[in-house]
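Naming follows writing order (A, B and C), and every chain is counted from residue 1.
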Amino acid sequence: MSGRRASAAARRPGWRTVIARFLLNRLALSIITLLLLSVIVFAASQLLPGDVGRNVLGPFASPEDVAKFNHEHGVDRPVWTQYWDWISHFVRGDLGTSLQHNVPVGELLGPSLVNSLKLAAVAFVLVVPLSLLGGTVAALRRNRVTDRVITVTGLSLTAIPEFVTAIVLIVVFGVVLGWLPVSAAAPEGAGVFTQVEYLLLPSFALVAVLFGYIARITRAGVIEAIDADYTRTAYLKGLTPGRVVRRHVLRNSLLPTIAVVATQVGYLIGGLLVIEKLFNYNGIGQRIYIAAQAKDFTLLQSGVLIVGIVYLVATFVADLLFSLLNPRIRYGAAE
Amino acid sequence: MSGMTDAAAGIEPAIGLVPTEAKIARREMLGQLVRSKTFIAGAVLVGWWVFWAIVGARLTPDDPLEITDAILIGPGAGHWFGTDSLGRDVLSRVLAGASDTMKVAPLATLLGIVGGTTLGLITGYFKGWVDEAISRVIDAVLALPLIVIAVTALVALGSSNVTLIIVIGAVFTPIVARTVRAAVLGERELDYVSAAKLRGERAPYIMFAEILPNIIGPIVVEATVRLGYAIFAVAGLTFLGFGVQPPAPDWSLQIADNYTLLNAGTYEWTVLFPAIAIATLIVGVNLIADGLQQVLDR
Amino acid sequence: MSEATAPVVTAQHALELDELDVVYRVRGRDRQVLRGVTLNVGRGEAYGLVGESGCGKSTAALAIVQYLPRNGFVRSGAIRIDGRDVLALSGAKLRRLRSESVSMVYQNPGAALNPSIRVGKQVAEVFSLRGVGRDEALGHAREALTTVQIADPGSVMERYPHQLSGGMQQRVIIAMALATDPALLILDEPTTGLDATVEAEVLDLVAGLQAELHTSVLFISHNLGVIAKMCDRVGILYAGRLVEEGATETVLNDPRHPYTVGLLRCVPRGGVRKDHGRLDTIPGFLPNLGEELPGCVFTARCPLVEQVCRAVEPPLIDLGSGHASRCHFHERAQSLPRVTAADLVLPAVDRSADPLLRFDDLGKVFKQQGHDVHALVGVSAAIWPGETLGLVGESGSGKTTLARALLGIVQPTSGAVTLDGRDLSGTLGGRSADEMRALQIVFQNPDSALNRRHQVRRILRRSLKKLAGTTGAAAEQRMLELMSSVRLAERYVSARPGQLSGGLKQRLAIARAFAGDPKLVVCDEPTSALDVSVQAAILNLLVELQAQQRVSYLFISHDLGVVRYMSDRIAVLYLGRLMELGPSEVIYSGPHHPYTEALLSAVPTIDGAERERIRLEGDIPSAANPPSGCVFHTRCPRFLGPICVEQEPPLVEVEQDHLMRCHIPLEELRELQAAGSPPARETVAP
C-alpha cells in the first residue's frame, strides 16, 4: 500500500517543472498574439490612404518619379511579399528604412524608445509604491474618513485626462511657482539627477492618472483578504492585528495588483502621445503619431509592433511573478 | 463573506412576499440612488454640461467664435475668464465647448457597448475555438495603447465627428467584450442555463433572453465608465488634431491652440479654464458611475 | 451520546451565557438576533446548539469569541469563559483569551487556512505565540498533527492547504484548535460539506480528543443526528431564543416543545417510508432575522397556539433533571396535531413490463490537465415507470455525472441510454422535443436553477410553451394548475425568485420540471440546500406528484436517511462504478457491500440503536488515478487479499434483484456482517 503512494509521490512534478511548463505555455500564447498583432498592424497600415511615393515626394512630383520611388521602396509588390519581407527582417533586428527620413527605422526608434522608458521608469517608481500604500491604508480603514478621502481623490484624479492634469501642473509648478521645468527634455549631456528633475512634472501627471486605478484594485484585494475565513482564523488564534495584516493579509492581496500594473506598462510606454506633445518630449508615442500623419509605413509598422512587444513582455513578467508567488499554480491541486 | 452571518449583512431570508413588493424594491433602489451623495454630485455636474451642450452659444455672454482685438486680456470685469490669443472670450468658449463632446462621446459609448456586449456574449457562451480565436485577436489589439490605434485609424479615415464615433466605438468594443465575457462565464455555469438547454432553447435565446438580463448590472456600470473614457479619448484626440475640428470651441482645441503660450508668459487662464471644464465633466460622469455601482452591488 | 466519561459539572462552568442579547444594526434599524439566551457548558461536557437558518446559532459563536462584525454588538447580558467576563476584555487580554482558553473550528476548512502559507508554519504559529522558538514550535506542530491521526505529519507540514483533502484540512484545523488545550472548543457546523465517511472520522476524532483532554465543547449544527451522537446536552434555538434544553437523550426521546416535536417529526427515521408514516411538516415560514416577535417566538407556526401565547412570553420552565422548555403547554407538546397527509397509496411498480429508462455500460471520461478522469465506468441499470431509484455516493462517485449523462447535458464516452425502448442521443441537440419533455431535472440549488430576472409567470409559461407546446389562454390555465399542484400560491405569479424563500423556490423548480408531464425526473439533491423543516414539505410534494402522475424519479442524495425514505431501489456508486444495486430495505438491512456497510455505519442517526462504526482509513482516491482491481480495495474493511488488488469483481446478481460487485460471496458476507464490524486496518499515509 505504501508502495503505491511512494511511487505516486515520485511521479509528482517538482514545482520548477510546473512553473516552467506554465511559462512556456504563456510564452507560446504571447508569440501567437504577437504574430497576430503584426498581421493586424501591417494590414492597418496598408489601409492608410494615399500613395506613399506621392506623400513623400509631394504633389508636384511627376508620376514617373513617384512610380520609381514606389518601386525602389518596394511598395508596389504584392501585399504578402511586403509583409514577409518586413517580418523576416524585423525578427533579425532590421526594422526597415523610414520612408520619410530615409534612415534606418532603428536609428529613429531607438532613442525614442529609450526616452519613453526613462519617463515610464520614473513614473513607475513614483506611482506603484504610492498606490500600494494608498490602497492598503484605504482598505484597512474601510469606510472611514481616510478611506473615503483616498478613494474619492484617486477616483477624481484618474478621471481627469492626463493632459489636463499636466496643464494644471505646468501652470502651477512650472509657470506660476517656477519650481520645475516645463519641458521634459533635459539639455544634452545632462546628468541623471537633472534628467529626473525634468521628468518629474510629466511623471506627476501620470501618477495622478494611474494612482486611483491601481489603488482601487489594491484596496479591493486587501479587503477580500481581510474578509476571508483565514484572516478570521488568524485573529482567533490570538495574533495581534499587526501580525495578522503583515503575515496573512498582505501576502494574498497583492497578487491582483501585479496583473493590473503590468497592463499599464503598454500605456506608459506607447500611449503618451499627448504628454509627449505637451512637454515637447521625443518619445515613441510621438514618433508613431508623426509617422501616421506622414504615411511612413515602415516606421509606423515597426514602431507600433515594438510597443506591442513591450506590452507582451510586461504581461509575461507579470505572469512569471504571479506564478512564483501563488502556491496554487506552483503546486497544483491535491492528488 | 465569512465572519458575517446573513443577519449582519442585512440579507433577509425572504419569506413569501406579495408581488407588489417588487415595485417597492425597485422604488427603494431609486431612493438609494437619489440619496447617494456621489450620484447626486455627479448628476449635478453632468446636468450642468448637458444644459450647456443643448443651449450652446445662445446664452453665452459673448459670441464664442467672434474674433476681436482684445487679445490675451487677463480675467476681469468684462471677461470673467479673460480672452485668448485671438481676442475670443474664454468664458463663452468654455460654456459652449461642451456640445461636440456631448454628441460624440455618448454615441461612441453606445456603439462600443452594443458591439462589445454581443461579442462578449458570443465568446463567453460558446467558448471553444470561437472564443479562443476571437480572444487572441482581442488580446493582440489590446496590446496597443488605444490612442495609438485611434490615431492610426483616424489618419486613415480622416477626422470628423462621425469617424470619431466609429473609431472610438470600435476601440471600446473589445474592452467591453472582455468585461461582458467574464460576466457571462460566471453565469453560464449556473443551473438555469442547463435548465434552458433541457427545454430545447436555442443559443441566441439563451444568450439574450436568459443570460443578458442577469448581467445588465455590470454592463450599465461599464457603460458609464466607458462614457468617461470616451470623453477622455475625444479630448485627447482633439488635442492632437484628430478629433473635433476647428472652429468649434471645443475645450481641447482651446488648450491645443494656447498651450505654447505658457512658455512665453503667464497666460494660464487660456488653458486652465478649459482644462477644468474637461475635468469637471469627466469627474461628474465617474461619480455617477460610482453611485450606480454602489447601488447595484447591494 | 458521546463516548466521553460522565460529564463533570463543577461550580465553575467552561462557558456561561447569561441573558445574552445580541443585536445587528442594519440600515439604521436594530435587529435582535439573540434574545436573552442563557446556557452553561460544564467542564468536559459537550453541549449541542441546534437550530435552522436564521436562529442565531452562528451569531452566538461569534459573540463568544468577540468577533462579531462591525454592525453587531451585545446589547445586554454576560459571557463568561472559565469564569472570566469576555465582554470586559479587549486588546492583549482578549488575545490571550483567544490564544489560551477558547478555540473555534468551523465549516469550510479549506477557506480557514491561509492559501499562501505552508500548513506547518500555520500550525506552529499557535505555539510561537507562547514565546517558544521557531524550531521548537515546529516540533510541537508535528506532535499536534500526530494527535489528530495524520500519519505522515512531516510531509503534510510541507504542503499548502489546497494540496490537502477536505478531511485532512479539517484535521489540521482541529489540531490547531486543540494545540493549546483550551477550556472551551466551539465547533460551528464542522462537518457540513464533508463526505459521510470523512465526516464520521472527523466526529470520532473530536469525540476521542475531547474525552482525552476533558475539553468542553459547544457543538453547533442543524443536523440532529450529529448532535445526538456527539453531545451530552442539547439546546434548541428558534428565532434567537432557547426554546428547549436538556440531556440529549431526554430531549430527543421526550421533547416538550412544539418546535422540537415538529423538528423531530420532519426528519426521516427508520421505518418511515414515503407511503406510510409520512413526514410531518411545520406550517408557515421561518421568521425573518431580527423580526419583532411579541409573546412566544413560535406562535406563528404552532398548532397549539392560544391567546396567552401571543400575549405572554413563556419563561423557561424547569421540568426536572436539567430538562427545561419554554412553552405554556409543554405537557401537550407531544400530542401536537400532525400536519401531514394521510398515508398515500402508491401504485405498485410493475417490473414485468418494459423499463422506462435503461442505460447500459455507461462511461464518461473527462480530460483534466492531461489526465484522463474516469468519472463513470460501465454503469448499467434500469428504471421502471412509477418507481424511484435512489442514487448514493460520496464525492467522486460519479452520481452527478450519471444524472447529466442521462439528461444529455454531458455526452457519455461510451454506452447507451434508451427511453421506452428507443435510443437516446448523447447530446441534447440530437433529441426530439418529446424526449426532452420526458426527462427533466430538479437541481440542488434553486438560486442557481431559476433565472433570478424572470418572473414566476414567465418561467412557467416558457416551460409550458417549449415542453408542452401550450400557449395563450390554455397556458395561463395550465400554469395556475401547476402552481396549485405544488402548493405555490397564485399571488406569487408576478414575483421573482429572489423574493421567494428556499422552499417556495424549490416548489417553483418542481413545477417547472413537471410542465411537460415528464416521465422521469432526476432529483439532484433537491433538499440539501433547504432547512430541515422545509425539506419534509418538499419530499412530501415529490411523493404526491409521483402518486398522481406515475412519474419515475432518479433520486440523488448524500443523506442516506432521505434516500431510504424516498426510494424503492437504491444504487451505490464509488469512483464511477456501480457497487451495489437492490431494493431499499435489502440495501439497508443487509447483507450488503462492504462500502455500503461502512457508509451506513457512518451516518449519525437520532435513534438510539446505532450501528457500530466502521472506520474507513484514508481519503477517497482520485478518479484520475483509481486503484487497480477493485477500486475500493484501498479502504475496504473486509479486504480479502491479493485478489482484490488484481481483479476487479464483476457486477453479479447475488440474490433476486440484488446486484453486488464484490469478491466475497453473499453468504460469507452475511455471516461476517452478522458477527460485527471488522477490526481496523493499518493507517495509510495521506
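Here is the rule we go by: contacts are C-beta pairs under 8 Å (C-beta built on N, C-alpha and C of every residue); 3 or more make two chains touch, one makes a residue touch a chain.
Please read all numbers here as calculations on a predicted model, not as lab measurements.
Visitor: Can you check which chain pair, A-C or B-C, has more C-beta pairs in contact?
Guide: Answer to which pair has more contacts is B-C.
Visitor: Find the most central chain, measuring centrality by the gap between its CA centroid and the centroid of all protein CA atoms shown.
Guide: Given all protein C-alpha atoms shown, the central chain works out to be C.
Visitor: Using Cα averages as centroids, what's the distance between subunit A and subunit B in whole Å?
Guide: About 23 Å separates the centre of subunit A from that of subunit B.
Visitor: With chain centres taken as the means of their Cα atoms, state the distance from subunit A to subunit C in Å.
Guide: 50
Visitor: For subunit B and subunit C, let me know how many angstrom lie between their CA-based centres, rounded off.
Guide: Centre separation, subunit B to subunit C: 48 Å.
Visitor: In subunit C, which residues are in touch with two or more of the other chains?
Guide: Within subunit C, residues 67, 111 contact more than one other chain.
Visitor: For subunit B, write out the residues touching at least two other chains, lowest number first.
Guide: 2-4 - these are the residues of subunit B that touch more than one other chain.
Visitor: Among the residues of subunit A, which ones contact at least 2 other chains?
Guide: Each of 228-229, 232 in subunit A touches at least two other chains.
Visitor: Touching subunit B in the complex: which residues of subunit C?
Guide: Touch list, subunit C to subunit B: 24, 26-27, 31, 33, 53-54, 56, 58-59, 62, 67-69, 71-72, 111, 285-290, 407-409, 428, 433, 436, 439-441, 443, 445, 448-454, 462-463, 466-467, 489, 491-496, 498-502, 504, 512.
Visitor: Show which residues of subunit B lie in contact with subunit C when the two form their complex.
Guide: 2-8, 10, 12-19, 21-22, 25, 190-192, 194-201, 210, 213-214
Visitor: Going by the contact rule set out above, which residues of subunit C touch subunit A in the complex?
Guide: Contact set of subunit C toward subunit A: 65, 67, 95-100, 103-104, 106, 108, 111-117, 125-126, 129, 159-160, 162-165, 173, 176, 369, 622, 625, 627, 634, 682, 684-685.
Visitor: Flag every residue of subunit A that touches subunit B in the complex, lowest number first.
Guide: Contact set of subunit A toward subunit B: 29, 32-34, 36-37, 40, 44-45, 47-49, 152, 155-156, 158-164, 167-168, 170-171, 174-176, 182, 227-229, 232, 266-267, 270-271, 273-274, 277-278, 285, 288-289, 292-293, 295, 300, 304, 307-308, 311-312.
Visitor: For the complex, give me every residue of subunit A touching subunit C.
Guide: Going by the criterion above, the answer is residues 1-2, 4-5, 8, 228-230, 232-240, 247-248, 251-252, 325-328, 331-335.
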